[in-house]
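One chain, chain A, links the two complexes that follow: it is found with chain B in the first and with chain C in the second.
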Partner chain A sequence: MELRYFIIRRLLVLIPTLIGLSIFVFLLMWAYGPCNLVSVYYTVRSHNCAVIAPQEGIYLNDPVLTYLTYVEHLITGNWGIVGGSGFFLPQGQVLYYISIFFPNTLQLALAATVLSLLIAIPLGTYIGSKPNSAADHFGRIFSLSGYAMPTFWLGYLLIFFFGQGVSSFPTNVLGFVGNGLVNYHHSLPDWVSKTTLLSSPTHILLIDSLLNGDPAMFVRAVDYLILPVLTITYGILAGILRFIRAGMVDSANQEYVKTARAKGVPEKVIIKKHIRRNALLPTITVIGLLISSLLGGVVVVEEVFTYYGIGYLLIQAINPRSFEVWLVMGGTMVFALILVMTNLIVDVLYAYLDPRIRY
Partner chain B sequence: MVGLKTRFFTANGIVKAIDNLSLSIKTGETFGLVGESGSGKSVTATSIMDLIPDPPGRIVHGSVYVDGFNILSDLPKLAKIRVKSEKDVIIKRNKRAIKRHGYVLSGIRGSKVAMVFQEPYLSLNPVITIGEQIKEAILLHNRRSIAESLIKRETLNKEDVEKMIDNIMSQPDLLTRQAIIHDWCLDYGIPDLETPVNDLVNNSTDRDFIVREATEMAFAERENLNIDDILTARDYYKNVDDLHELNLRKLELESTGNEAGLAEIDARISDLEASLRSEFFSYRLRLKIMKRRYEKPFEVVAQRKALELLRQVNIAGAERVMDSYPHELSGGMQQRAMIAMALSSTPKILIADEPTTALDVTTQAQILDLIRDVNKRSKTSVLFITHDLAVIAEMCDRVGVMYGGNLVEEAPVREIFKDAKHPYTTGLLNSIPRAERRFEKSARLESIPGTVPNLISPPTGCRFHPRCKFKMDVCGEKKPKLIEIEKDHRVACFLYSDEVEEEPKEEVP
Partner chain C sequence: MAEININPAEMVAKQEKRANPRVEELKASLRLLYKNRLALVGLIIVAIYYFIMVLDFAYPPWLGVPNLNSIYVFTRTYGIVQTPISPFVLSNGLPYILGGTQYNIALLPAMLGALRFDLGVSTLVVAIGAAVGITVGTVSAYLGGVVDEIIMRVTDIFFSIPFLVLAVAVTALVAHGAGGGLNGLILALIIVWWPIYARLSRSLALSTKSLNFVEAARAAGSSKARNIFVHIMPNVLSPAFVQMSLDIGSVVLIFATLFFLGVIPISALSAPPELGVLINYSVGQAGYASNLFFLGFWWTFLFPGLFLLVFTVAANLLGDGLRDILDPKLRR
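What follows is the complex of A and B.
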């Protein structure tokens, strides 16, 4: 019961957070130049706003009014206009493009998180149960280098070694083909939309290809994903591994482990049941933090691999040739939303797993 | 426990935590171990089960006999220790030997020797419920007997009941009757029937009626389990137990070097292992896949037994406590739960390592009562470790006084308080605060001058001599031997005997 109120409270806190954030980003955009904000009213981007604005009755000298208009657009679902001249996408609404690019990012982030957990938990358990052994030293070097290596560098290394000629890994990903922007040379199954390239029902190609029983498509999806996922995975994996290892070493020295030994519990069960369960608790918090940092990583990795996700979209939006103000604001809002939601999920999960925490 | 030596190899040097300690605890007695902090009491306790954390600690010499079996018989094989200097020690561990040592010991820990620790709030796993932790202890050592009682319950027939009722009818004494019913119900795994059957027998003299009713009740207790499964489980756990028993015996033979016996045991072990692998292959596979189905009957029995244990240690609201987490209980309750866990397999010896230190006074009394009760009821020996002499006086039959990793005096509890010999013991006794002494003229509390020695470089000779009032020249040069000066009263001090403890010839760090 208390947990429910906690969730509701956290969701309510979300509102001022988002308002504050939108104001902040809006002010930055305003400082860049109010003229760019015209397009929220006007369907055609124009640099000649000094001429157009007065005609349309736009109050560009009043940031408060402009901001409120933007909020109105946010609520009604039109997050502004993007695209057209100089941009790689045709003109359209921000929310529409986000809804197309976001599933790709989600797929990338989920795959990376799951993969890193699948590797980090057993590996961390193993090296954490044998501190200062050869395996432990190796694991620590492995995780430290993951910590230290910038994602873009690792990404380029992977492209260099596996992406060109050496193997058949395609470094370009399945993405947006609407209006023929990307020449998609495979025939599409009928569960993938011809215009947006989004698969149904979950919009995540990895899952949908399995749901629709199309192994060939699944292999293709994995093919596209594998290098960017590996790049992101290494970074998160390194962080989780370090924490699980530290947690294991810490828990192993606790009194309750001695109690378990005194009961006659076999060593294997002690490690799995008594040490690891306690070691995973602090790790969950760290996973929450790492997912936030993953969002930053996603932007870089998507740019490196030209992966058509929301990070790539954002990078394009801050291209000086065509600065897409509304897209930057929309993308930032989405990132903020994900961040707050993952933190909420992590907190709830923590409360569920650790009986000592009650809200 | 004979000639036990435990060392901690640290960066600052080797800590000689226990040096040549020998003591024995008889069946059913309560042995108290006292001494200042850092005198090696707790290390002694943990050494008995070889629970010394490694690294940094290791038992380097000695034997610990539990129920006639030396649990340290493979000690020389576990690790080769080469001392270059105090701060530079090379330990080569034999992983296979350590693994086997752990396997053999895990069958003894908890079942024959159980332990209650100092801080109950740290000693219970915070993320597992109390019930689950007690059940774990029960299921670790009692699976075979659980399976047997399940079989008995499921195959119980009218003749069994008739036999028991006839037995009762021939006994006129009410208490004997009750005892028979109690044992019978436990034997058949139907403890809930004890009261109704008692009522039945007391309220009626019609034999046939009693038999009919009791049989009906017993049949109602059945859970209609798949008897084949339980039979297989019984055989399986019997083999597992036998394998452990054989390994135990093998270790024993190895230390005595009995070649012929070893070969025979080896053959039997490999036979058993083969049969476990082949005969029970499908059972083990099924156990892995459908864990719930095969574990359920065991879980149910363990659950019932855990509840009973919690009631036995006087926990109010045992049902609620079963599902609580350790942090939801008070310190006293936690310690009771620990004791319940320790009692889960009726151990031969219960080691209580300062079980009351972290508790408040009234709770202390209850816990002490409980431990004494356990000691009296099930003839469990207790090794009671504390620095509180009042508690010792209250609880123990015999007392050992430790100083700097040595046993300096050992005597029946009465003697220690009436006629302490060793200067350290007298000093310890004089430093107890007493309420009435506050109002006497010389109201100063005596204390022993100086501090506990640093065990990295302990004083030469008698370890107590730098602080001793009666120091003689010989004290700094030679180490006094623990000598029996009166019946059951042993002291290590040159005031009473000139005998010197010889250092063992073999090189021990």
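What follows is the complex of A and C.
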């Protein structure tokens, strides 16, 4: 089968998932109580609920119609309103909030993925080429502790040991503080927006500072990212390391490896070119799982490090004192979309690299 | 000519002596478990934690300090002290051997008491989640067709949301919708957890379904329900059990994380603190105006976290060991 047919089929499979996702999120909302969804101007226990609700597309006696309206709003970009009742978030559109906070999360997730791959591939190759050695046992314990580690606890531990000066990091560069967008009191470079504090062109400070040739800003960005990224990496390294090791051990027993040894190929070349290449291919499939746990880690880490990403936004939204239903729904939607899209990309990538997968 | 002794009663006795194959297998598994030292250590630690939990349910004031009121006990004995009491000072009494945390709640009894929530709720969630998931997955695999397709699409939806985000959203909304409190939390976690078991047991049931003995049972006229529950489900249970032992650690972790993030208002807890809450006491997350850890009261942070970590590591060791023993092919 040609690759594009595979992609088309994979995209078609996406449709029921997305529909189901919107139904699920809607049902959660409905279970929470449709009257609570009514605009933030009229607080939760509004007497006017029955009057106001239909104006906002919420039909108290008609969940189906409400769902259809909700989907229409989702597609047209009207994801609801934030703020008003809360002490933290100023009023605004959910989608606007997400568009501002999303690049920070992307930056964190990308940095963690890259770092964990950079560590896991050489380390996995090493311990996988020497099964049952001391290094292997160490790797096993390491990955086990990564599975078992409470992320929030590790985060604070790192702050305690390495980040006592963390508050002096340029958190405000990325941030949202108090009532409205923060006024960054140092002079911002031209390539950072004065209103949203997003850098251009990619909105990812780490990359933009390099693109704009500002090494000082790059150092600050790295400084700010290093502890959160380490915390997340420790958690997700476990899964990927374990998988690479298993792949290495599996491919080491293959016939072609024996052939290569018999030919007299040097051991180093065998490990790098024969075993590792074959072991890394299936590792792509775990990236989907990896992203799932990575995004979970992102939520915790953003909260611990007060890192202004969607995870932080989500946790602010569920604060019992200022519960923002639309933001919870929107945040969940965004996280789900990231995961679904990553899985799509991973599947296509895998099909591209390994034609056998296309049946 | 040798006398041939045919005594039916003796033959039956001999046959019974050969023992049930299941018992034999269990014995072999136990021998393997004994050889796998790491798994054994995991089992012992998990057993100790469960023992503490059971003891705590059975007789709450077993440490000499009623968990609920340890704060009063301390103020009655020592007067109001703002600074947390240091650990390892014997003169403060056994409950304060690991020091005090916020409000000078004695850390050791609080941690041990926290198992009532952490372990109790997690076990409940895993047990009910597994029961629902295994039933749904097995039935879905056996029936096949449209039912199977629908159920699998439903689990797809659950898997398309990152796990912790799903837990946070469901817990927040269900618990708020249900008026807050622990019941909402348990319900939410079950909603989050059953799809894992549904998927796992479905794939296992599918491979079992095509085996000859199920065909034979069907040919012999065994009913659908009998096929599902008597013939297929026992083959699903042992891998599912491995998954459960792995999951206990994860559920405890998620549970503590949810409390740490403040998804559930702490007021939902009317009894002893929970481990995430204890760590919260120390670092002032989720509305706590305390920063004990960074003020130098390291024990308020270190001990609850280590207590949690030891359990999750042990549960993972046990789960890994069980997986090796029961089903070497199964990978998560």
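Just so we're on the same page, the second predicted complex is superposed on the first by the 317 of 359 C-alpha atoms of A that agree within 3 Å, B and C clash if a C-alpha of one lies under 4 Å from a C-alpha of the other, contacts with A are read in each partner's own complex, and residues count from 1 in each chain.
Everything below uses one rule, namely that a residue touches a chain if its C-beta (ideal position, glycine included) is under 8 Å from a C-beta of that chain, and two chains touch if they have at least 3 such contacts.
Note that the structure is a prediction, hence the values are computed from the model and not measured.
Q: Report clash or fit for the pair chain B and chain C bound to chain A in the combined superposed model.
A: fit
Q: For A:300, is the partner it touches chain B (first), chain C (second), both, or none of the two (neither)?
A: In the superposition, A:300 contacts chain C only.
Q: In the overlay, answer first, second, both or neither for which of chain B and chain C A:75 touches.
A: A:75 sits against neither chain B nor chain C.
Q: Going by the contact rule stated at the top, is it chain B or chain C that touches a larger number of residues on chain A?
A: With both complexes superposed on chain A, more residues of chain A are touched by C.
Q: In the overlaid three-chain picture, which partner chain does A:134 touch, first (chain B) or second (chain C), both, or neither?
A: In the superposition, A:134 contacts neither chain B nor chain C.
Q: Just chain B (first), just chain C (second), both, or neither: which does A:16 touch?
A: Touch partner of A:16: chain C, not chain B.
Q: Give one of first, second, both or neither to describe whether A:278 is in contact with chain B, with chain C, with both, or with none.
A: After superposing on A, A:278 lies in contact with chain B but is clear of chain C.
Q: Of the two partner chains, chain B (first) and chain C (second), which one does A:258 touch, if any: first, second, both, or neither?
A: So A:258 only meets chain B here.
Q: Which partner does A:267 reach: the first (chain B), the second (chain C), both, or neither?
A: Touch partner of A:267: chain B, not chain C.
Q: By how many Å are the closest C-alpha atoms of chain B and chain C apart after the superposition?
A: Nearest C-alpha atoms of the two chains are 13 Å apart.
Q: For chain A, which residues lie in the overlap of the chain B contacts and the chain C contacts?
A: On chain A, the chain B and chain C contacts do not overlap at all.
Q: With touch defined as at the start, can you tell me which chain B residues reach chain A in the complex?
A: Touching chain A from chain B are residues 46, 49, 51, 53, 102-103, 105-111, 114-115, 117, 119, 122-128, 136-137, 140-141, 325, 327, 338, 341.
Q: For chain A, which residues count as touching chain B in their complex?
A: Listed in rising order, the residues of chain A that touch chain B are 253-256, 258-267, 273-274, 277-278, 281, 353-356.
Q: What part of chain A is in contact with chain C in the complex they form?
A: My answer: residues 16-17, 20-21, 23-25, 28-29, 31-33, 144-145, 147-153, 156-157, 160, 164, 246, 291-293, 295-297, 299-300, 303-304, 311, 314-315, 318-321, 323, 325, 328-329, 331-332, 335-336, 338-340, 343.
Q: With touch defined as at the start, can you tell me which chain C residues reach chain A in the complex?
A: Residues of chain C touching chain A: 153-154, 156-166, 168-170, 172-174, 176-177, 180, 249, 253, 256-257, 260-263, 265, 276, 279, 283, 285-287, 293-294, 298, 301, 305, 308-309, 312-313, 315-317, 320, 331.
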